[in-house]
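Each remark here refers to the structure printed beneath this line.
Letters A, B, C and D mark the chains in the order given here, with residues in each chain numbered from 1 onward.
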Amino acid sequence: MTDQTIAIGDYVLLSLSQRKTYLIRMEQGKSFHTHKGFVKLDDLIGKEYGSAIASSLGFEFIALKPQLRDYVMKCARQTQIMYPKDISLIVMFSGMGPGSRVVEAGTGTGAMTTALAHYVKPDGKIYSYEIREEFQKTAEKNLQRAGLIDFVELKIKDVTVGIDEQDVDAVILDLAIPWLVIPHAYKALKPSATLVSFSPTIDQVVKTVEALNENSFTDIETVECLMRGMQVERGKTRPQTLMTAHSGYITTARKALRKNVSSSLS
Amino acid sequence: MTDQTIAIGDYVLLSLSQRKTYLIRMEQGKSFHTHKGFVKLDDLIGKEYGSAIASSLGFEFIALKPQLRDYVMKCARQTQIMYPKDISLIVMFSGMGPGSRVVEAGTGTGAMTTALAHYVKPDGKIYSYEIREEFQKTAEKNLQRAGLIDFVELKIKDVTVGIDEQDVDAVILDLAIPWLVIPHAYKALKPSATLVSFSPTIDQVVKTVEALNENSFTDIETVECLMRGMQVERGKTRPQTLMTAHSGYITTARKALRKNVSSSLS
Amino acid sequence: MTDQTIAIGDYVLLSLSQRKTYLIRMEQGKSFHTHKGFVKLDDLIGKEYGSAIASSLGFEFIALKPQLRDYVMKCARQTQIMYPKDISLIVMFSGMGPGSRVVEAGTGTGAMTTALAHYVKPDGKIYSYEIREEFQKTAEKNLQRAGLIDFVELKIKDVTVGIDEQDVDAVILDLAIPWLVIPHAYKALKPSATLVSFSPTIDQVVKTVEALNENSFTDIETVECLMRGMQVERGKTRPQTLMTAHSGYITTARKALRKNVSSSLS
Amino acid sequence: MTDQTIAIGDYVLLSLSQRKTYLIRMEQGKSFHTHKGFVKLDDLIGKEYGSAIASSLGFEFIALKPQLRDYVMKCARQTQIMYPKDISLIVMFSGMGPGSRVVEAGTGTGAMTTALAHYVKPDGKIYSYEIREEFQKTAEKNLQRAGLIDFVELKIKDVTVGIDEQDVDAVILDLAIPWLVIPHAYKALKPSATLVSFSPTIDQVVKTVEALNENSFTDIETVECLMRGMQVERGKTRPQTLMTAHSGYITTARKALRKNVSSSLS
């Protein structure tokens, strides 16, 4: 039995199609019920991931092994959701990667945290700040489910008061008042490292950019990202009818050391 | 001297602003000339990353440590460029991460390869197929510059003939005729793993989706991603005037095992 | 009593806010009921347009005089809706204006017809083709309500068989198979005049553009138009959360006379 | 000789393709020179509009009769350009049409004025305010060229001081400080009529919306419009590579009469 075989205790993504998926834990003797009939989990246990199974009503389900994107999308949605389109840009723009030490605030329900933890494996660490305990508990469960809890230190602490860590490789902000965290982020970051802030409103962006300028950050840039699905079928291909029009603006900046300017003019 | 100190042989991203950056190699006794004056590299060597330096004309440059995004953007542009907005989505949608074994075709000038190698560190591997030797050489230089060549096996081979690797965690296609590679990708992928294809035209997308359907892939989805910059300044904030209207469509799909359907009806 | 006074028989747009409006006909002794209470129409009759009135539950309604956009948006929605963003571009790209004679196919529920009729007043005419009688009846009612029926000739006829009119100033197509109408449109149009076609799918666009090229049209161009709402409030301004991702592509072309090329080379 | 025949003094749109067009006046004995060879205007005079003509280098030009969109796009570009995508939405959202009396500020080079004049023919009038005489002169020439000067009263006057006209059907604002004009626009408009304001920055939009709320306007709405071109060719169809990312936000509102609220509760 390899990690490609569905085992008791595993999370499986039961997919009826890309638009309808269920993340469920394998338990003996149980069934999973949908509007397209039920599936006996015992029929799945021991099968290879990717296997097809018919529901009681004869509909085909595929038993997929959950991937990062699935775990991110299944994070409980008590807060404003973060989308893969934004999370993936934030990850790349932050410069982080395997081995990185990254500060995140706030944790929320852990969608962003899940992605960050996934990419710093096996030697890195995410330090994630949150002040609302109920969110942290949800995030903890989501990280456990995704098998990533070991790469995260969940902290109940107000990040606007200060950041404990030093020489971190990136700071990721997704909170209502990011501008109050900028001075702390500057201290926590390695020189030249990147801060990324995600905010829904223009006003938050303006205040954040001003704080970045005042705190010796450089290469400050703000973008927004729109993702549109396509309905692909020969002779009928067209963009989808509805889309998310806005989630938030992504602002990035890098820590500059401006005190020691050495002018070659002098 | 730490990795936060600029050393001879290092690549440094000299930034005049986020819109004007130069990726240069530190060599003793040399100068770097721009339209805003020149910078003596000896003045940089030994300084901390993030330091500011004035050019001969008094303009401030920041000496940044290049990050993934910088290396990606500086990959020589003989082929159609891949943008961070697309690369980051492809990385996340592929499900890959540290330790993954990933097949890529084609290599091109290595922009995508650079990103993939960055995220599979330290134990994963990218197997990158290319048939044009001149592209492979450029990609090799770009990967060396980014310090990622050890995580990539560059192959001169026509991927439409076959894929050598087995049980890979993801297959990433960025070539003119992706539909011809779908059957090979199916064989190479682990069950449940993800294929991602990037194509500029609708016709390529339709043919690819048809090939995915014919080859037992599931959860097939196509999206396009638009990124728009914002000019942020109190009282004058507005979206930028011009933007990239289109780079390509991103199609994702997962390998299903459909032969062994076990109907709970029977 | 001027046309600025609400009279019996008038249509009034009762607005609770820009997101909730009702188009109602003034009748004596009647009330109009909403989830925010009812309004007695007798309280409105004789008032000036623009007046505010409180509902039985104390909510303020404004009695607006319906404008083109309102009539267009209130056209019954049995068919795929046409949006003002598309209608307005089609009108401008067509080159039509007061006095123009324009052929339209198909009529649908008359949203586009309403706009065309509005702009050809007082001396122009819309010739609108439709094969489904039930749509034509709906369109007729919508045009009567908007006071524009005199500027439209509603025809029950299959436009793919032929167009009766000649020397028209524009042809507007919004039907499933526009490419079959292109030869007829060529004959009906004045030289140099514009054809506009609106289609949801890529395949329709490709076939239409091919037919335009084969039928001596010139300056062929296809665009799509996206409209995004903004939530404007000091300190909280941001784009809206959801938007229409796609309605259709707009293709324009002009009738060229290519047979009589006079080469100044000969 | 009809209006479909090219005559001396006419303006003709010489089109090499939809991407390259020239608006030229027909004069006897003259030639028009392009990088694709020259065209003798005498060869065009007396021909039908829509005719093809070969340049001295053998390239085909089509002699189109200019339409509204062409005149708008050819307005001299000393100021920030207004695009057909925005102008057409502004026209439709304003509710104006044949016979309307419309106030516009500022005139600029007359692109918007040209469109407004086109649609109020034959009995309406545009009252267009501008404080910079050089712009007004350019606008006057552009309106004469388009044959629309008779439908416009060009005024050299600061619209922030006041609007002379009363009971107008619409007010269109495209100036740096629209919020200062809102009280004057309220007085000038018929009850229930529409004001439209076009502004590039978020800050202008916020101030305008606040002024609209303070001045008893209702149904206040802000949108932005994006237009993307498609490259259509069987097997190669795709969106164009570059697009205009932003021109401005369009804000609309309607004049309410709030003083005479008659509560049916009392």
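Definition applied: contacts are C-beta pairs under 8 Å (C-beta built on N, C-alpha and C of every residue); 3 or more make two chains touch, one makes a residue touch a chain.
Being a predicted model, the structure only gives us computed values, none of them experimental.
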What chains, if any, are shared contacts of subunit A and subunit C?
none
Copies subunit B and subunit A - interface residue numbers shared by over half, same or different:
same
Rounded to the nearest Å, the gap separating the Cα centres of subunit B and subunit D is 44
Where the CA atoms of subunit A average out and where those of subunit B average out, how many Å apart are those spots?
20
Shared-contact residues (touching 2 or more other chains) in subunit D
202, 224, 228-229, 234, 237
Think of each chain as a node with edges to the chains it touches; is that a line, ring, star, complete or other?
ring
Judged by the touch rule stated earlier, which pairs of chains are there in contact?
A-B, A-C, B-D, C-D
Sites on subunit D touched by subunit B in the complex
200-203, 224, 228-229, 234-246
Which part of subunit A faces subunit B closely enough to touch in the complex?
4, 15, 17-18, 21, 39-40, 43, 47-56, 58, 60, 62-65, 67-69, 84-85, 87-89, 91-93, 95, 97-99, 115, 118-123, 190-194, 202, 205-206, 209-210, 218-230, 232-234, 237, 249, 251, 254-258, 260-265
